[in-house]
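Listed next: structures, encoded as structure tokens.
Both of the next two complexes hold chain A, though its partner changes from chain B to chain C.
Then we have the complex of A and B:
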């Protein structure tokens, strides 16, 4: 199992498990579009889980980078006629740069002050979107975003299945990237910072620089998810950059558990599918999600992924006994 | 154990079965896009009920039994688009409703691209302007209508009230109301002496109201909608502005807002509304009757709006004698019918419904004939941009 907290091998059994899940998802869920939504939010939640699980940084700003990715890709596809893949890559890169710049300020503070700074930037992002309504479409969002070929000369990206396949490749690439980082020396330093920051500094590591790099990488993931969202919907809605989006991504990461990259996929999948189902049963379904979050924080601190891993471990122990 | 298995089986089944049944022969599958959960659940619920009751009332369209399904977008435009993609993938081609303009504009593009028809109640000017398309139709009047149908008749009746001050929500709709208002005032030779912007997150407006009082206007206009309008008017009245300033609220949802304000606040205030239950019209009588049967209450704007979009679909299909999309769109263009505000006409050029928008004057508590009789209709005007000025290029 590839864990943020203890490090792990790359690739490992979870890599195969995630690949198999991505293939099976559209056949298991009621619709391909629901499966696509799961993928988008899995990558976004991965961004939160990476920061929280690997570096110990609780960010309320991931919705901002998700929004940057969504809007930059929408503008590139709609107004500049770029092919899908370059637009997605540039959007993710723009989010990474934005995250890096914000991190230069934010990582100067720790704990609740860091959280407040990310919250403040997320709020500013929303109002910037409203102020730049000639670019972003304001409260109406950016509609009519085309889905051009992946690269110039290729066939157009059309049909729910083709879009799902494209998103699945991107989601898997994001998973591999995070897993690879987790297994690298860079990942070891990030873990050291989370476990004991003064000691990591005393060992000669430039802690601030490592945190900025980690935050930028998380921004890249969130931006990639935002761009995937735009490609999926053909639309950049205004709520992609609202504060509520940051909260939603964090809730997904906590439900899954921030201990491993796969946990983000579990958390996002659980949230999206439950929201889809519960909303048909009770209009105040968000209350149920609230209860669930409380239960997970109190009784399952490593989230669904951690809970499942612990249960598996106990079963194996019994088997050996 | 058996019970647990059964429950699990049922739950898994609900997850696995698509939320919409596939289109069946002789049935017209219609989907409504409303927010029944999330931030706009209270609005979406009333809109959805209006639509549902209308379809129940009509029963058939072009001889086909109507099968109405709700798509809960949870107040999220992205989810709305996804649910529409899903429904249309299952063969649904007839979509109605929206809770916000962002949802309507996005759904309109999706439905158009997938060869369906979409009838909605978005407030954004773009819906029948720069973002119009062949598949989308809009029932209510938007910001141009709201200002022209309230401010012009107000000026005719209050020619001496020349100095206007505005308090505006700083976002697209508020800006749009303000721009149209300035243009009407300029036409009429009246003065716009000042404006205070406030953000969408504000709840306390005393600073803006004292700024308005110190400017000594004859008229205060509140350019906004929803709960913020409720709060701005409440606070303006509590600051005593009604004593020597006339107050105009060009965009109000009518009855539900009047009930929230109460007659002491509404008295003497001018409001603009898209629908009023007291209007004598055959179409309105039908709506009133059905809503009274269902709720034992008076029809409000949201219920009427939900009703209106459903009625348009049925009237269009009946005229076309078919639910096929090209025939239905052709039938809807130029269609005239008895709607909730009287005789309504769907303008072919931009797919905007041409209907009355009302200027209302709040009544004193002692003058109310029944608990819903908050205001009298001062004027009903069909004030719409000429098609060539809407910016609509039909695609």
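Then we have the complex of A and C:
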């Protein structure tokens, strides 16, 4: 699988590109609501792409942390009367802690065992949600979540444009965070682990601790996305924590390609727009996504982003020749 | 919990546990042999359960369903191996996982396309619909039959693995595929055989489970999660591990369902976390 580029700079041209895309998105897509959905899933897919591209960890469990973020923010907004920004921040923090705790167990196994564990823990999250139905609302989810001001004393968060602007700022912050980590010494160690885990260990790095930290950071991103989802919908439906959510986030990351943080935005955008368009034409469109996934793994290892980059490179090369 | 209820739930747990064993043993066997993780394993269980549903609707006989369910799953496994999976053996694990996961997704959507997303009941066969008196206890005959059939299959499977030529090749292959190949055995045919056998076993699990839980399109995904728990608890690549893991998980789920019904499924994963904490390689796993 592809990986985040060596020694990525921060900020670089892609930072500007993402900022411009975030501004243009609501005008390009048919509705602001659809653009908001793209943002939510971009951040969630970024969580998967970060783990895969930086550390080489394939996670079938990011939906669990997405769900934790969605439920924690819903409970804080609904029952504890918090303002939006602190609720989102606490929800993301809670997901990071949850992810760190699960990682402490999961990093005891390597490779395919680790992947199996992420799937099993994601399934556990769904059953925990059902078991705690007095808090989570069980199969009904948490309805009627209010949208209070960002901070106490500010104006109410109302109108789909204002919500989009808020989500765009959060999505951009998430992008900057991942790009900054990629350019940091911490990021270099993560890449070293991805390339050759025994070697990183032999160099004296405590590989487990780095993996737990990376997993917690990915949990933070997924939790942030989950909280964004609650703010966006005003509702925490039970499907936010189902295993299908984990799968969906991973599919987005793979379609985009794990070669750069921006690829996750491409994958999520592609998936959400396709879902919006195809699901009205053919309810079983996910079958096509299955075939697309096989094609990408077999023929386009670096996803849409990598494919586009390679095509661009070839065009440029021809221009010079 | 009274003694009678406890015995009842223990027996239920053994029944569920044996189904979990059948479900997981193929996954663990294929992994042991070729280091191949099949995320489409749950889809085999799903297809067999629907085949059992169709056959029992058409013929009214659960016995035919028990034959055709495993056959359908084995057929799917063989076709998938021939057309797609054998081209991925040399690829990294991530690629194999994603491709088999995509196959599972395609099968799941295919099932919804042919049927619909709704859950359906599969009737218990007439001659097993009654109850059995076990000394002072009464127990559903079908659940007892599940235990008997799966125990018989487990014994046959053990015998096949330990005492037949094919079993010897499978066991040797999981030590060193290269060596087996050098001895003049066509490993690709062995792989195909392992997929067919693993598929048939997962299929038998699906067909046996159908009257107990009904059928619905997402049961394959749920089964995949359960199979992973079983192999993590039991230790991957081990027949005994799959048996112990399956039984342990089945009994935990069943006993907890009378103590804390909402949390019964949750406790399965609690048991897994506990095993990971004290024995990361699994009960029978080699570190």
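We take it that the second predicted complex is superposed on the first by the 317 of 321 C-alpha atoms of A that agree within 3 Å, B and C clash if a C-alpha of one lies under 4 Å from a C-alpha of the other, contacts with A are read in each partner's own complex, and residues count from 1 in each chain.
The working rule: a contact is a pair of C-beta atoms (placed from the backbone, for glycine too) under 8 Å apart; a residue touches a chain by one contact, two chains touch by 3 or more.
Remember, predicted model here, so these are calculated numbers, not experimental data.
Enquirer: Which term applies to chain B and chain C once both are placed on chain A by superposition, clash or fit?
Expert: clash
Enquirer: Go through the superposed model and pick first if A:30 touches only chain B, second if only chain C, both, or neither.
Expert: first
Enquirer: Have a look at where A:205 lands relative to chain B and chain C in the superposition and call it first, second, both or neither.
Expert: After superposing on A, A:205 lies clear of both chain B and chain C.
Enquirer: Touch test for A:10: chain B only (first), chain C only (second), both, or neither?
Expert: Neither partner.
Enquirer: Pick one for A:287: touches chain B only (first), chain C only (second), both, or neither.
Expert: second
Enquirer: Tell me which partner A:133 touches in the superposition: chain B (first), chain C (second), both or neither.
Expert: Touch status of A:133: both partners.
Enquirer: Have a look at where A:124 lands relative to chain B and chain C in the superposition and call it first, second, both or neither.
Expert: second
Enquirer: Indicate the residue numbers of chain A shared between its chain B interface and its chain C interface, in ascending order.
Expert: 127, 130, 133, 284, 286
Enquirer: Can you name the residues of chain A that touch chain C in the complex?
Expert: The touching residues are 1, 52, 58, 105-106, 108-109, 111-113, 115-117, 119-121, 123-124, 127-128, 130-131, 133, 243-244, 247, 254, 284, 286-287, 289-291, 293-294, 297-298.
Enquirer: Flag every residue of chain A that touches chain B in the complex, lowest number first.
Expert: Chain A residues touching chain B: 29-34, 36-37, 127, 130, 133, 138-141, 143-144, 160, 229, 232-235, 237-240, 273, 275, 277, 279-280, 282-286.
Enquirer: So in the complex, which bits of chain C are touching chain A?
Expert: Per the stated touch rule, the residues are 31, 35, 37, 84, 92-95, 97-99, 101-103, 105-106, 109-110, 112-113, 218, 221-222, 224-225, 228-229, 231-232, 236, 260, 262-263, 265-266, 268-270, 272-273, 276-277, 280.
Enquirer: Provide the residue numbers of chain B that touch chain A in the complex, in ascending order.
Expert: My answer: residues 14-19, 36-38, 41, 45, 72, 74, 76-79, 81-82, 85-86, 89, 100-102, 105-106, 108-110, 113, 124, 126, 131, 170-173, 199-200.
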